[in-house]
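Shared chain: chain A. Partners: chain B in the first complex, chain C in the second.
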Partner chain A sequence: MEHAIIAEELVYSYGKQKAVDGISFQISQGEILGFLGPNGAGKSTTVNMLTGLLKPQGGRAVLLGRDISKDVDSIQKYIGVCFEGANLYEQMTGEENLKLFARLFDVKNFDVKALIARVGLEGRGKDRAGSYSKGMKQRLMVARSLINRPEILFLDEPTDGLDPASAESIRRVIQEERDRGATVFLTTHDMMEADKLSDRVAFINQGKIVALDTSHNLKQQYGKRALNIEVLDAEGKLQTREIILDTPDTPSQVREIMASEKVVTIHSEEATLEDIFIRITGRGLS
Partner chain B sequence: MNARIIGALIQKDLALAMRNRFFAVVLVLGLVAYTAVYLFMPSQVDEDIDFGLVAQLPSGIIEQLESGEGLRVHMFDSADGLKTAIEGGEIMGGLSLPDDFITDITSGVPVSASLYYSSATPEEYRSALNLMLSEIAYTIAGKPLNVVVNTTVLGRDTSGSPIAPRDTLMPLFAVFIILTEMMSLASLLSEEIETRTIRALMVTPMNIRGLFLAKGITGTGMAFFQAVVFMAIVGGLGTQTGLVLLTLLLGAVMAAGIGFLVAAAGRDLMSVMAWGVLFMLVFSVPAFGVIFPGSISGWVQAIPSFYLVDTLNQAVNYGSSWGDLWTNLVWLAGFNAAFIILGMWIVRRKLG
Partner chain C sequence: MNLRNTGVLLGKEFIYGPKNFIFIMAVAIPIVLSLVVTAVFGSLFAETPRLGIYDAGDSALVERAGQVEAISVSKFALETELTAAVESGAIDMGIILPAGFDEALQAGQVTGIDAYIWGESLAKDRTVLGVTVASLAREISGSTIDLTIETVSLGDGKSVPWEDRLLPLIVLMGMFFGGTMLPATSIINEKQKKTINALTVTPATLGDIFMSKALMGVIISLAMGILVLVINRAFGAHPGLLVGVMALGSIMAVEFGLILGIFARDITTLFATIKTLGILLYAPAFVYMFPQLPEWVGRVFPTFYIIQPVVAISQRGEGWTGVATEVYILAGLVILIAVIVASRIRSIREKL
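Showing the complex of A and B:
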C-alpha cells in the first residue's frame, strides 16, 4: 500500500523553542492516524507543516508523492483541513461559506445542500454562521474540509468541547471518509476518540514521537491486562480483587476466588491510551 | 493564480464589507457628507479685497480708500509682517511703501513700492492692488505720479481664475474619501487574521500572492469607485479627466498599500481605527496647503499624499496638464510601490 504522507525528520522551532524535533512517520492511503499529545507537544506545528502553512526548517514532508515545500499549490488541491477552533466567515451564511471554498477549489456542480445535510445542518444553511452554536460551527468546519473530496483529511481536535450527539455525528463522517478511501490525520488529545477511530496512533511529546503503533499493540506492549472481581466479605461489604492476566498463576488465582469467596461481578480491564501515554512520558494528555 | 480564485475572494470581501454595518455606514455617510458639504459651500468668490499696507500716510487716506466698494485695509508695521500675513492666508496681497514715500511723492521724485501677492491671488485682485497704489499716490499728490512697483509673488504662482472655496476643498474631500476606504480594507484584512479565516484560505489552491492581489484589487476598487463618484457629482471630472482619473487610481492604490500596513499593525477593529486615524491625520496635512495657500513648507513634500493632493488640485482647479504634473505621478507611483511591498512584507511576516 502506498504512503499518502511521509514525514522525514521534520524540524520546526519558534525562536529557541523547538516545537517539532526531528519526527518521522508514514501514513498509508486510507488509514486513520490518531496523533495524540498534550497541549504544546507539537501537534499543530506538525499539521501546519504537513498542510503547507509552515515551511519545515529541517527534514521534509511528502504528500501524495510530492514534497510539500516544493509543490504546495498543487498538493493543497487534494487536502482538506479542519482547524481547531472555529474560523468561519461569521457574517456569511453556512451555504455561502461552503460555496466560497467550492469556488476556490474549483469544484464543479457543487451540491451545497447535500453537504449541509451530511453534517446534520439541514434547514440552517441560509443562517449566518455567526448565529450557529459551537457544535454547528464545528460541523460546518468539517463540511468545509470535505468540499473537494480530499485524498488527505487533516482534522485538528474535531470534536473538542462538543456535545455527545455532535461529536458522534462528526465521528461518523470521519469513518465515512475513511471508507471512501481518504487518509485521515486526526489530531486530538481525546484518547477515547483516537482509540475508537484510529487504525494507528502516534504519541507526540515535547516535539518527538515517543510511540507509534496500533492501539492494540501499544496496549499489549505497555499496558497490563487484569480481572477486577468484586466479592462480598464476611461482613457483607464489597471488596475488589485484582488478578493480573497472562501470568502462570492466573488460573489458580481465579479458581481460588471462585471457590472461596462470594463473587458479585467480574470485569476484564485493559490499559487506556492515556495510561500508556503516562507510562511512556510521565505526564498526562490533558 | 487564476482569475476564478481572485474573483471569488473579491466577491467575498465586497459582501463582507457591505455587511460590516459600521464601515458601510461610515463609507456611505462619508460620501454623502463630503458631497453635501461641497454643494452647500458658496460657489461664488468673495469680491471684497483684504489689502495689507505698510506705510505712514496722512490721516484720512485709509478711510478714503475703504470708502470705495469692497476694500478692507489692514495696516502692518513692517514688510515682513505683511508677508507673513499673506503667506498665512490672512490676506491675499499688500503694499509696502518706503518711509520717505510722502516726501518723495510731493517733491516729484520717482518712488519705488513693493507689491506682494499670495500665490493664490487671482489676476483681478492683482490689478486692483496696482490700481490701489496709483489711487494712494493720486490722493496724496493730486495727480498721477511715477511709481516704480517691485512685485513679489509669495508661494507658488497660480495666477488665473478665482477658485471658489468649495472647489478648493474638492481635492481634500476626494483624498479623505480615499483614505477612509483604506480603513475599510485594513479592517477586512485584520479581521481575516484575527478570526484565522486566512488560515482556511491558505490551505486551498489560493496562495499568498493571490490573497494580496485580491485584497489589493478590492481595496483599490472600492476607494477608486467612491472617489470617482464624488468627483463626478461635484464636477471634478470636467477638466483633465484622464489625468484626474489616473491620479485617483494611484491614490486608491496608495490607500490599499497603507491598508496592508495598518492591518499588520492592528490586532482588532479598535487598533485598526487608531492606526488608520493616525495615517489619515498625517496624510491630510498636505491637503491644508490647498486650503491655506502659502502655508505649506517644503517638508510637506515628504508626505506621500502631497503628490495626490497637489496633482488633483492643479488638475481640477487650474487645468494643469500631464506635462506639468508627470513628476508628481512618478512620485506617487513610487510611494505606492513602496507601500504595497512594505505592507505585503509585514503582513506576510505576521502570518508566520
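Showing the complex of A and C:
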C-alpha cells in the first residue's frame, strides 16, 4: 500500500523553543492516524508543516508523492484541513462560507445543501456563521474541509469541547471519509476518540514521537491487564481486589477469592491510551 | 499568482466589505467633507465661471464666448468698468480685446491675451476661463497658434480660497482613508480570526490573498479620489493624466495599508500607528493649506508627489510637461515600496 504521507526528520522551532524535534512517520492511503499529545507537544506545528502553512526548518514532508516544501500549491488541491478553533467568516452565512471555498477549489456542481445536511446543519445554512454555537461552527469547519473531496484530511482537535451529539456526528463523518478512501490525520488529546477511530496512534511529547503503533499493540506492549473484583467484607462494606492477568498465579488467585469472599462484581480492566501515555512520558494528555 | 482565485477573493471583499464600519467611513468621510467644504467655502451652489470682456473693436470672440454654456459672459463698455468688476469679485476673469483683434489673430500677430483675475476666484474657474478663451482665439485665427493668457491679479491677490486650500487634504483623505485602512483592517481581521490560515491551505496563495485586498483598496481609493474632484468640479483640462496620477497615488496608499496590515497585531494597534504616522501621509496637504509654508517642506513627504501633480493638473490646468518630474518620482516610490511589501509577504508565512 502506498504512503499518503511521509514525514522524515521534521524539525521546527519558535525562536529557541523546539516545537517539533526530528519526527518521522508514514501514513498509508486510507488509514486514520491518531496523533496524540498534550497541549504544546507539537501537534499543531506538525499539522501546519504537513499542510504547507509552515516550512519545515529541517527534514521533509512528502504528501501524495510530492514534497510539500517544493510543491505546496499543487498538493493543497488534494487536502482538506479542519483547524483547531473556529476560523470562519462569521459575517457570512454557513452556505456562503462553503461556497467561497468551493470557488477557490474550483469545485464544479457543488451541492452546498447536501454538505450542510451531511454535518447535521440542515435548516441553518442561511444563518450567519457568527450566530452558530461552538458545536455548529465545528461542524461547519469539518464540512469546509470536505469541499474538495480531499485525498488527505487533516483534523486538528475536531471534537474538542463539543457536546456528545456534535462530537458523535463529527466522528461519523470521519469514518465515512475513511470508508471513501481518504487518509485521515487526526490530531487530538482525547484518547477515547483516538482509540475508537484510529487505525494507528502516535504519541508526541515535547516535539518527539515516543510511540507509534496500533492501539491494540500499544496496550499489549505497555498496558496492564487485570480483573477488578468487588467483594463485601465481614462488616458488609464494599472492597476492591485487583488480580493481574497473564501471570502463573492468576488462576489460583481467582479461585481463592471466589471461594473465600462474597463477590459482588467482576470486571476486566484494560489499559487506556492515557495510561500508556503516562507510563511512557510520565505526564498526562490533558 | 492566480487571477481566478484573486477574482474570487476580490468578490468576497466587495460583497462583505461594505458591511464593515471602516468601509462605510472610507466612503462617507471624504464625501461629507467635500460637500461641507464646497457648501461653506465654495462652489457647490456657485454659478458657472464668469468672464468679463471689454472689446475695443468688434471681435467674434465675444459672440462665440457667449455661446459656451460652461461659462457666463458679461460685456463691458469701458476698461475701467471691467477692472472694477474684477476687483469687486463680480466676475472671475476680465479680458481686454483691442481693436482689430481678430485680424491680428488671423495674421499671426497675437501671442497673448491680457486678463485680469479676481484674487479670490477659484483656481479651477481660472483654468476653465483661460482654456476657453485660448480655444476660441485659436478658432478665430484658423490655426493652432501658441497663445498665452497674461494674468494680472486684482482684489485680494494673496488670499487663496479655502476651497482650493482644503482640496489637497480632502483628496488625500479620500484616497488614503480607503486605500490604506481597508486593506490594513482586512488583513488584520484575517490574521486575528485566522481565516487567512483557512485560505492558504486552498489553492489560493498569499499572493492571491494580498492582491485581492490591494485591488479592492486601489479601486476604492481611486474612486473616492475621483469622486472628491467631481464634487469639487476640479478635473482640469487633462482628465486622463489626472486619473493616471491618482491611480499611482492609490497604489501607494494601498502599499502603506498592506505594510500596516502585515505589521499591526490588531485594530487598536493599527489606529494608534495611523495616529502617529498620519502626519507622514497628510503633511503635504498642510503646505497647500498654508501657502506661507515653503514648498520644500512638503517635498520631504512621499505623498507630496501625489498631491502636487493632482493640484497642478486639476487647479492650474498643467499638462504632462508640468508634472513629469513629480510623476516619475512617484512611480519610483511606488516601485520601491512594492519591493518592500513583496519581501514582507514572503516572510509572513512564518507568522501564520
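One rule holds for everything that comes next: the second predicted complex is superposed on the first by the 286 of 286 C-alpha atoms of A that agree within 3 Å, B and C clash if a C-alpha of one lies under 4 Å from a C-alpha of the other, contacts with A are read in each partner's own complex, and residues count from 1 in each chain.
By our rule, a residue touches a chain if its C-beta (ideal position, glycine included) is under 8 Å from a C-beta of that chain, and two chains touch if they have at least 3 such contacts.
Please read all numbers here as calculations on a predicted model, not as lab measurements.
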Superposed partners chain B and chain C on chain A - clash or fit: clash
Touched partner set for A:Q76, first chain B, second chain C, both or neither: both
First (chain B), second (chain C), both or neither touched by A:K55: second
Partner chain(s) touched by A:N87 [first = chain B, second = chain C, both, neither]: both
Which of chain B and chain C A:V263 touches, first, second, both or neither: neither
Touched partner set for A:F101, first chain B, second chain C, both or neither: both
Superposition clash, chain C against chain B - the stretch among 55-63, 73-81, 91-99 or 307-315 that is involved: 307-315
Overlap of chain C and chain B interfaces on chain A (superposed complexes): 51-54, 73, 76-77, 79, 81, 83, 85, 87-92, 100-101, 103-106, 144
Contact set on chain A toward chain C in their complex: 48, 51-55, 73, 76-77, 79, 81, 83, 85, 87-92, 100-101, 103-106, 144
Contacting residues of chain C [partner chain A, same complex]: 4-5, 8-9, 12, 16, 19, 193-195, 197-205, 349-350, 352
Interfacial residue positions of chain A with respect to chain B in the complex: 51-54, 72-73, 76-77, 79, 81, 83, 85, 87-92, 96, 100-101, 103-106, 144
For the chain B and chain A complex, residues of the former touching the latter: 4-5, 7-9, 12, 15-16, 19-20, 195-197, 199-207, 352
